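Letters are used for the chains, namely A, B and C, taken in the order the chains are written, and counting of residues starts over at 1 for each.
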Amino acid sequence: MTYAFYPGCVSKGGCPELYPAAVKVAERLNIQLAEMKDVGCSGAGVLSQEVSDPINARTLAKVEQMGMTMMTICSTCQGVFTQANHRLKSDPDYRERINRENLAQEGLRYEGTVEIKHFLWILDEEFGLDKLKELVVRPLSGLKVAPFYGCYLRRPPELMVPKGFERRKSVLEMTIEALGGEVANIKGKGKCCGFPILASSEENSLAMCSDHTMEAKEKGADCMVTPCPLCHLELDGLQSSAEKHMNEEIDMPILHLPQLVGLALGFTPKEMNMHRHMVSTEEVVKKLEGVRA
Amino acid sequence: MPQHDIIVIGGGFAGMRAALAAKEAGADVALVSKVHPLRSHSSGAHSGINAALSPEDSWQAHAEDTVYAGDYLGNQDAVQVLCQEGIGDVIKLEHMGVIFSRNGQGKIDLMPFAGSIRPRTCYVGDSAGHIILQVLYEQMLKLEVPVYDEWFVTSLIVEDGVCRGAIAQELSSGRLLSLDAKAVVLATGGLGRMYEPSTSAYTSTADGQALAYRAGIPLVDMEMVQYHPTTLMGKGVVVTEAARGEGAYLVNKDGDRFMESYAPETLEMAARDVCSRAIETEVAQGRGVNGGVLLDFRHLDTDRLEDRLPETTYVVNKLSGIDIKKEPVPVRPAMHRPIGGVQVDVQGATPLPGLYAAGECACVGVHGANRLGGNSLLECVVFGRRAGEAAAAYAGSIPLRKASESMMLDQERLAQDLTARNSGGDTIGSLRRELAATMHQKVGVSRDGAGLREAADKVGDLMERYGRVGIPSVGGPYNPSLSTLLELGYMLDVAQAIVASAQVREESRGAHHRTDFPQRDDDNWLKHTVASRTPDGPALAYRPVVITHRQPQRRTY
Amino acid sequence: MEVTFKVHRYDPATNGKGQLQSYMLGIDEDASILDALMRIREDQDTTLAFRGSCRTGFCGDCTMRIGGKNRIACSTTVGKSVKDGEVTVEPIRIINVLKDMVFDAEAMVYQKYRAVEPWIEPSTPLPQEEHLVSNEVIQDLRKVMSCTMCWLCDEGCTTMVVDRKFVGPAALTKAYRVVADPRDSKTEERLHSLSEEKGMWDCCHCYEATEHCPKGIDPTERIFALRNQAIKVGAGSTKVRNHYRSFGASVKAHGWLDEARLAIDTEGLTNIRGQLKQLPLALKALRRGKLPKPYFLHKKRPGAANIKRIFKLWEKK
């Protein structure tokens, strides 16, 4: 299977450990990625729909030309694109206007036929978690992992978890288990990490970071895993700030989804860039090195 | 102890409109309500509000339809005020921010309603009540009218023949407190909890009617109890008349549009009492479906349904799981609103100086024997405003006299006595359910002398048993014991007045249908019944109907 | 059916925690939870405190936690809630409980409602007749005003959990009602005051509010709409405005986000204190290779010119 790969901005910017990990893992799984280079930022919910919808329509038009399903590695990109796609698909007049005003000049047109899936969904719905399990060479036995989806991957539910796709509500846990790990179920797994309000309300943002990471710690998790690099920036990047603000010790390593998959597939921690996090992943690595590869 | 020029009791349309009017007239007014105003039952009004806004319409035509629908029992001077001033009052609502649905020119769109010759019902999708209630509350915030919400009024303070305020339980603390005022406006709404089935909220327990009645003020035309013909079976929620206005059919078990036999010209758009009787007859004669009939929307345009009846679609689906586009809805008549109420003049003044009343709890006489759809919201707004203005004028002319302590002490002692009673096997709930069943069966859509006598006996029996029911405690934060018990007492007192009024009116007119006196009898009964409280029960007297322009004609549909 | 209702009882006078008290009731499975509570109050325990009025889902008073889920009690049937013959009824979380199921609505619901000044201020003089408004605008407003202040959106709000002073999606939806009403003349002022602390910018747009709203009002989108308008009139704190300006500027210039620039711009180039505060974090990130190259060092995406074109067209409008 080949996918039109949309890496987003953060996977090459603030979380550059993510992009190469994702690419290596896809290659190992024989998932072909046709990376899209000439595309714009999704807007991440910051840019107004008035400007992000045309930019995203342009991306979708190019994907449509490729005749493939689009793959994302970021919950926020997935959420924003799904919403934009929904608007473009369900309102032909709106789509026509954007085609006419924004895309025609480049010779592009979006007809509304593209499907967009996050790597996590592809693993379950198209690749198959059973198949993934068979390819595991270093099962994550004894590793307790707390799932953290990133709210844009789950809401609004009619769009992100439509009828027939209910598995998406627990697919991250199922993936952890397929990789041999143990799930530390936290109530906050589907909640917002706090990243969007960092600029306007830093205190609240850090309180949210603390809530989720401390909950994982209380549930005995060795680490958290997230399919969203923005959540990673918050939970990993800002964890020390949260510790200072809330006056507590957290020390909870945060892994990107492809890193977790990659480790189970036998990649070394160095290959998965585990040394590039703000919160050290040493303990996780130690635990895994105890497991025979 | 709170002290204001004016206390308005009740936070629905009439109450808030009165408070706003009084505030704008410069009075120090406060609103007291047993629930937060946003939770008032006015929110449940789906229909719309009438106004002769169209150039093809006139307040005179509106008045004509109103008097006719009321079967000529309406006071025509009050009807004129309603229809003439109503136009300005509805525009004022729009200026306040009500989001009336619009036509293509951006003007308020008008919908036809049962009983109105010309379209004159201003609507807001199908949730006029909810929207207007919100907008009135927004204005209350804007004008900074203080609200004592979750205060339950236990009695009016009457001294030296004048109303001086009210005594209420502050539910957050459980304390009984007296609210001193120069004038009181009662706007407490309906009494549907004494009927089952009814469309009323839990809060519709005849509070204002009972408070006034106990203070010696008569209740007018209490026998006129309006049933809504189409309420969702088992749930008691109204399926709005607008549904029939949009073209929904009423069908019986055989799939026939039976209204042809009862109202061949107007069919489903006949007045509510006509429809209610028709449905009950169909059921009684074996053509009903599970005790009701079916309201069929399936032949209607789905886009229009979504535009015009979104709340109805939502509520029916939420409460019964039925999609009105796919299945017919089982409906039956349920008690809806009282038409009679506390006696007031066109200013909203009761015979007791200092006491005013407006809205559903009052009877200014606009509806006569049957309410025209869309007029009840209008009545609340027009006469709520007038009552507020009148109360403000009155309050401006007299000094505040603090009420004496004696009433307050009496109340406290009475309340404590309630905790010493031995209920003897009855609960508040069991008594209320017996009352509600009796009222529906014997004082419902159709009545007769024998049934009414049984009802009178039953209510008397229930009152005696009520006198023995006690409660475990009175005070403390959010203790609903006292209010729950007193609400039953209010309902029993007022039920007695309803039964007595129904017994005495030996004719059929509008909502009052007597199978033993099936004809309208203008020679003997073109008059209002007036029930006053005595130690031996209600005493009935009569008042003439105010007739100015329209002489009574036969009512046909 | 015979059902045991386990109902939360709490009396502030006893100083203790809330407890579940059991009541047995024979009741139709079609009856609502609110009906059941009323029956318990009228027949078994008149001291049971809860709110509920209209019985049919439009007054918003009876929001409770039934079987651990936030629900409108009058629109929830006994049949759908019962599990092994039992139904648990508790008050909603986040708000202080005053007694049994009655919570401090004044502090959380009504105070916030008042704070957004939800009445329209039309310009004077008022027209003789009605204002002329298109039905399309009316329909949108009607959707928004179908809100019954049931508080389910605020109850599910992520920010509210960490900060009870956040004005919340319910109040912001009410604010939208006046901002979007063409008859109101105070739009700009409103947007500025709603952009203050604890206002619209504290919303993390996680769509919980939208998920929980029983009327499909989509509060999150309403808040987005307020934010878009606020940006246009220059409302919002300096940091927020910097943040939005910077995000747009880097996507416009390079086609994708320049996060380092975003971090610097948000604090403000001349805000030495702010820059110094984030310096330790920046250095740590630099050591781990996580610091992107900012401003002119940021690589342009191919086709960035096209993204710029789209921006320019939008700015013109």
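Keep this in mind: a contact is a pair of C-beta atoms (placed from the backbone, for glycine too) under 8 Å apart; a residue touches a chain by one contact, two chains touch by 3 or more.
Fair warning: this is a prediction, and the values are worked out from it, not measured in the lab.
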{"item": "Pairwise touch network: line, ring, star, complete, or other", "value": "line"}
{"item": "Chain whose Cα centroid lies at the greatest distance from that of chain C", "value": "B"}
{"item": "CA centroid of chain B to CA centroid of chain C, Å", "value": "35"}
{"item": "Rounded Å distance, chain A centre to chain C centre (Cα mean)", "value": "25"}
{"item": "Chain centre separation (chain A, chain B; CA means) in Å", "value": "57"}
{"item": "Residues of chain C whose C-beta touches two or more other chains", "value": "none"}
{"item": "Footprint of chain A on chain C - complex, ascending", "value": "158-159, 161-163, 166, 197, 201-208, 210-211, 218, 220, 224, 228, 231, 236-237, 239-240, 242-244, 247-248, 251, 255-260, 266, 281, 284-285, 288-292, 301-304, 306-307, 309-311, 313-314, 317"}
{"item": "Contacting residues of chain C [partner chain B, same complex]", "value": "11-13, 30, 38-39, 41-44, 46-49, 51-61, 75, 98-100, 102, 105, 110, 113-114, 117-120, 122, 126, 129-135, 138-139, 141-142, 145-146, 148-149, 181, 183, 214-215"}
{"item": "Chain B residues within the chain C interface of the complex", "value": "35-36, 38-41, 43-44, 91, 94-97, 99-109, 124-125, 127, 130-131, 134-135, 138-139, 141-142, 172, 201-203, 234-237, 307, 310-311, 314-315, 318-319, 427-430, 432, 471-473, 476-481, 484-485"}
{"item": "Touching residues (chain side chain A, partner chain C) in the complex", "value": "9-10, 12-17, 37-41, 43-51, 54-55, 58, 101-102, 105-106, 151-152, 155-157, 191-192, 194-197, 199-201, 203-205, 207-208, 211, 237-238, 240-241, 275-278"}
